[in-house]
Structure formats: structure tokens, C-alpha cells
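Chain naming follows the written order as A, B and C, and within any one chain the residues start at number 1.
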Amino acid sequence: MSRLGHMLRVLGWAALVGFRDTLGAVYTVQSWVLGLFVRMVAQVAFFASLGQLLGRQADVEFLLIGNAIMVSTSSSFTVTVATVGERDAGTLPLLVASPTSPLVALMGRGASFVPNGLITSLGALAIVAPLYDVSLPWARLPALLALLTLVTVSTYMTATFLAGFVLRSPGTRRTVSNVARLVMMAFCGVSVPLSVYPEVVRAVAQVLPLTHGLKAIRELFAGAGASDILGDAGLEALVGGGWLLLSLATFRWLADAGRRDGSIVFSTA
Amino acid sequence: MGGPWSGPAVVVEDLVRTFQPKKRPEVVALQGVSLRVDEGEVHGLLGPNGAGKTTLVKILATILLPTSGSATVLGRDVAAEATSVRPLIGIVLGGDRGLYNRLTARQNLRYWAALHKLEPGAGRRRVDALLERMGLTKRADDRVQTYSRGMRQRLHLARALMHDPPVLFLDEPTTGLDPLAARELRAIVGELAGERRTIFLTTHDMAEAEALCQRVTLIDRGRILATETPRALSEMLSRYERVECDGATDEVVADLSALRGVSSVSALGLSTRIEVDSDGVVPEVMRRLVAAGVTSVRVTRPTLEEVYLDLVGRRGMDV
Amino acid sequence: MRALIGAIRLQLQIVVADRGYLNEILTNPFFAVIFLGVVRAAGRRDLTTFAIVAPVLMTLWALSLEISGNVVSADRGVGILELVVATPTRFQTVVFGRVLAVTLLGTVGVVETWLVARIGFGVEVSVHHPGVLAGALAATALAMTGTALVMAGAFVLAGGARTFQNTMNYPIYLLAGVLVPISYLPGWLRPMSRLIFLSWSADLLRDSLQPEPAQDVLRRLSAVLLLGAGGFLIGSIILRLVLHRVRHLGTIGQE
């Protein structure tokens, strides 16, 4: 119990540091709106307009919802990039040398990207949906919020797993997070229904974050029953948990390899 | 570009340069600097950090515009005729910057050959020749990020020489180099001086100025203190020759302190230094020391560094 | 001209050394998959040309945004800008050459998209009007370079403008009808769309892949080139202003 308590304390402190960093140094209100929010809103509108081109309102709705949810999970991948920042700041060796798993601290540091994702996603949804005559089930907002948090967190687990690898070769950080985002955009049912893809792609999609959670959210929008929604949400949680276990298993190993070859100390510059 | 020039290589008159940082008072980097560098001369600009050395070099190199006053290089105004000055000058700015680290030395230099409008064939040959001259041929195709500071500095020099300019501006070329690399670089600068190039060099290293320069200008806080040959500069204080001795007794110290023309007697570790401020006192000091049985006696003259510290210090401390 | 070629060569060397712009180039096939997949799922094979043209233009635009944001500030950050300024070559020439190099690199998106269509979706892209396609691509590359010059100048002149660097992708894709023609936009936005050369490029490229005869090709090509030339002119003026300002303020070596 005391071990768990200790981990939670570390997580909490790291999250606090991360929030302070994000609010002060990474974003101001103005740069958040102009540099991030406007882009995300436009991205959702861009895909919704593709639905218009196709000519059916059902397509508009499918593309709009999928991409609005995608916005939130995108934010999670910032942790993959931020890890290298930790290394450049020289704090990573200290974390590795501390008695807590560095993973816990890193997860805490990036945790501010989860609420950031939620806010961006909901904001984009609220602005773009009326423009394209998509009605939102506002009465089910708490359920939507819960599901959105679920997919964002499960994606965050995947992003943390990737962060471990990026730590070994920091030059790839942007490429790794970018490709991970694109894979999810293309293969998790965000814009393209999975039925289009061959069997093997569909099978891979089952173990990616977002796939099941997004399905649950679509069911929520369509007014499906709780059991269907909860079933898919459960699968999403399972996938997220799987990625968390993978991160824990690989991270110590990667950090040790970094200690052996010295790559943990040096900065990217 | 005009005909051959037969005046001083660099003329600076009443040059003023101010900077206006945001929300802070104006900074005056140069406050009315005048100076002249003859053709073929190696001229040193000596001063502490923040004295205005780099600002002056950047104005002469057409990078910065003067606030007022004028400067010419081989007769062309650096502000009004910048485009005709640029082919005549080569610049090395101090520090680690100014190179594409992920590219090789050869790739870096080929780029500068193009910027100086050399024909591709001529550019290639020139790059090869410069790499050879700077002793970089073996490492020419390695990324610059793997270079030592000394190698980087030689690469900078190669870049500056790309178009064979008659005038070179070197801003603290040996700062941060280890002693061996600094010596190598000075040797190259010496060679360049031998080719009748005009070299204007900033430094805060007195020994470097003494070794390389025909004349030295001392600058502090944007003002010129003096321009002299290194020898003349040290002679400025030569009348303040001083005597150092070992084993002086309290009696002889008291005796010398009372002597007219002796400005100070101070302990210098185990030895004693007697400074004088008028001619002809030194022999009297020596005589009295010997008479008191002190035999380990030396007469010394100030080094350039001491002159410099003296000139800077005199204006420095009481502001 | 020599300096221009030197700048192009330098930029290509930097791209190779840094594995730069890999993101923009990797992004292309994913978008091709997404657009082609959406069109297929909806059973609208007639919209295939839309799905093919969009990733090409998006790659080009993303590349020129990226280079225009970096070309000046990176040199400035490492103290190269001040050395370039002191050479006989005009700074605009250097920027133009380096941006052009990246834009030319961007045409690799044509190949990528073609491969995805062919291998991933078994779609045979037939070019019905090769002349229009070639002309539109060439004009687009030039206009892209001119426009990047304006952006490069603006990013230096107003440091805060770089906040917009990442923002200027999807709004522009939407506004310029890169994927969905601008006739789907609200009427009051359309005049604005026509000021973005990409809107003309997108229409031309789509027309070159359709069997119907392309109308008004010369007029529309001229629109692309004219808008690009305007960008080049304004960009050159801004860069000159920028240089004069930094030489005057003494902030040239600073980031």
C-alpha cells in the first residue's frame, strides 16, 4: 500500500510540474487558441466537408465524430515528444537513478495533455457540429466525457510505450509520434470504416487504442443501449491496460540499455 | 568596384552605435570611435568583453549599420556602398556558431563558394586548396559536428578566404581554443599577414596582440584609449620601471618609501616591488638596496597586459 | 544564378543530413489511404480524382510551410545569417533557392499517391490531359515557392507569427478547396479562396485527370502564376525590409 501511495505521490507531483510547464512555457491562452485550437477545429471541419462531398448526412456525421474524437487522442502523443525534453533538460538521468520507476514520473509529467485533449475535442465538436447540422446528444454529455477520457488515456498508454523507444533514439521523436497518429487516423475507424480494409488490417486495429472506444462513442451518439456501449468501452480499457503493461515491462529494460551505452545522458543537440 | 586603392585600408571616423533593447535603457556600444588601419597592416583591437569590439567588426563587415559617423574599407563606405565592400572582405566571427553542423566541411565551403559567385569548377578547386591549406583535407568529408574547436576555427578561416579578400576581419579567432590550437591558428594568421593582406583582429589576449599585430588599439566601453605599437604601448609606462627584490628588510623598505620619486613599495609574496614615477630614480633605488645587502634585485618593465589593465583600470573603478 | 544553385544544393544536402521533411513525406501515403478509403466505402468511384489530388497538394503545402518557418530563423539561430548578409549574394536569392529545393522535393508526393492508389486500392490513375497536369504542377511548384517567400518574411518580421505556422494547414486546405471544391463553401468565402493559388491548382489538377475537356486552362494557369509572382514580389520586399531592420536594430544574430 505504501508503495502505491508513493507512486501516486510521484505521479501527482510530476503532473503538477507538467501542468506548470505546459501552462507557462508551452502555451499561453493566445497561442493555444491560435496555434492549436483553430487548427483542430479546421481539421474536423475539413473532414466533415468531405462528408458533404460524398453527399450523405450519415457520412458527414461519421467523419465529423471520428475526427473530433481523434483530436483528443492526438494530444496524448505529445508525451512521446516531451520525454526527449526531459532528457534534454538533464533530469532524465536523475529520474532513472531515483527509486521510483522513471515511467511513473514521465507519465505524470505528460498528464496535462489529457485534459488538453478533452477540452480541444469537445470544443471542436461543439463548434463544428452545428455548422454541418449534426446534433449532439448533450443529455449524454457525462457518458461522452467518460468515454472520451477513456480513449485519451488508453492512447496515452500507447504513447508512453513509444516514449521508451524514442528515449533510445531521440532524433526520431517527431517521426514516431507523427506516424503513430497517422496510423490511428487511418486504421482505427476515424474516417474510413474498417470494413474497407483487408482482414489483417482489421485484426491489427483491434489492439490499437481508440478503435473500440470510438465505436462506443458512435454507439452513444446513435442512441444504442448501455450494454453495447459498455462492452466496447471495456475492450478499450483492456487495450489501454495492455499497453500500460507493455510500457512497464519495456521501460526499465530500455532505461538500463541507455545506462549501458550512455545514450541516457547525452542531449539531442 | 573602382580602381586600385592607395589609402588606408580601413578608416573609421566618429563612429557611434547604440542599441535599444526592449523596455530597457539604451546601450551605447560605440561612442565616437575613430581609427585607421593601413593597407597590409595587422591591427589588433584589444579590450575586455563588452568593450564594443564585436560591434565595430560587425559594422566594418557590413552586418550592422552605424548609428552615426562613418567607416570605409578600401575607400568604400560600409553603409552606403555595402555591396562593393562585401567582395573585398572576409570575416570570422568568434565562437562555435556560423557553420552547418550536420554537413561536411566540404559541403559548407561549397555553399560559400556559391555565395561568393565562384564558377562551379573554380569553386571546387578553391575549396580543395583551402581545405589543404587549413590542414583539413583528411577530414573534409566528415560532418562538422565531429570537429574540434580548433578545426572549426580553421574551417571558418577557410570560408573567410573563399574569395581571396584583401581585408580580413577576425573577431576573437582564438577564444576558447586550447593553447596548441591557438598557436596553430596564429601561425596561419601570420602567414596571411605575410601575403600583404590587411588583418583587423580583435582579442582580449595580450600575448596574441603582441605576437601578431603591428599596431594595437585599446578599446573600453565604446571608447578608444590608445592606438600604438605593442612596443610603444609598453614604453608608455616604461618610465614607470620598477624594481623587484628579495629579502628586503623593514629598514630598507622604510628608507625607500621615503625616497622622492618612489610611488609605492609593496610586498609581492616573498619579494618586494618598488615602483617609481620619475626618471632617474631607479639607479638610486638599486644603490640603496645593494648598500643594505640586498643582492637579488631585478628591474622590470610592464607587460602590455599591465599597460592595458592600468589604462582600463584607471577609468574603470570609479564610475 | 550560381548562388541560386548553391542554395538549392545546400538545402538538398541539409535534407539528406537531417533526414528533414521526413514527416511531411511520410504523411502523404496515409492521407491517400484515408481519402481513397472514404471514397471507396461510400461507393463513389467518381470522386477518386479528388482523393488523389488532395494528398499531393497537402504534401507540397506542408513542406513549404515548414521550410518557410525555418529557412531564416535556423540560419539566424546558428549565426549564419550575418555571414550570408556580408556576401555579395542577395539574401532573397538564397531563401528562394532553398525553398524551391524543398518544393521540388515535394513533387515526390505525386509518386507516393500514385503508388498507394495503384498498390493499395488497385486504382489505375489515368491522366487524360498530360499537358494540363504538367503545366499545373510546374506552375504550382513556382507559386508555392513565391508564397513561401512571403511567409518566410512574415515569420521573421513578426516573431509571433510563427504561432500560425502550424495553424496554416487545415484552414487553408478547407478554404482553398484542396479536397472538397470551393463550391461547397459558403458563398461569401469564395472570393477569399480565389486569392489562394492552391484553389486554382486544385481545380486544374483534378481537371487534368478527368475525361472531359479542360476549360480555360491558360487563364487558370496564369492565375496560379500571377498569385505566385505576387508572393515572390511581396516576399522579396519583406525580406529586404527585414534585413534592413535587423542591421539597423542590431538583432541580426539573435533568435
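As a convention for this text, a residue touches a chain if its C-beta (ideal position, glycine included) is under 8 Å from a C-beta of that chain, and two chains touch if they have at least 3 such contacts.
Because the structure is a prediction, the values reported are computed rather than measured.
A simple rule picks the central chain: find each chain's mean C-alpha point, then take the one closest to the mean of all protein C-alpha atoms, which gives C. Among the other chains, the CA centroid farthest from that of chain A is the one of B. In whole angstrom, the spacing between the mean C-alpha positions of chain A and chain B is 57.
Chain geometry summary: the mean Cα position of chain B and that of chain C are 48 Å apart.
Chain A and chain C have centres, each the mean of its CA atoms, that are 29 Å apart. On the chain C side of its complex with chain A, the touching residues are 19, 22-23, 26-27, 30, 33-35, 37-42, 44, 47, 50, 163-164, 166-167, 169-171, 173-174, 179-181, 184.
The touching residues of chain B, when paired with chain C in their complex, are 17, 19-20, 55, 58, 61-65, 83, 86-87, 89, 91, 93, 95, 97-103, 107, 110-120, 123, 143, 159.
On the side of chain C, the complex with chain B involves touching residues 2-3, 5-7, 9-10, 13-14, 17-18, 78-80, 82-89, 94, 247-250, 252-253.
By the touch criterion stated above, chain A contacts chain C in their complex at residues 30-31, 34-36, 38-39, 42-43, 45-46, 49-50, 52-56, 59, 63, 171, 174-175, 178-179, 182-183, 185-186, 191-193, 195-197.
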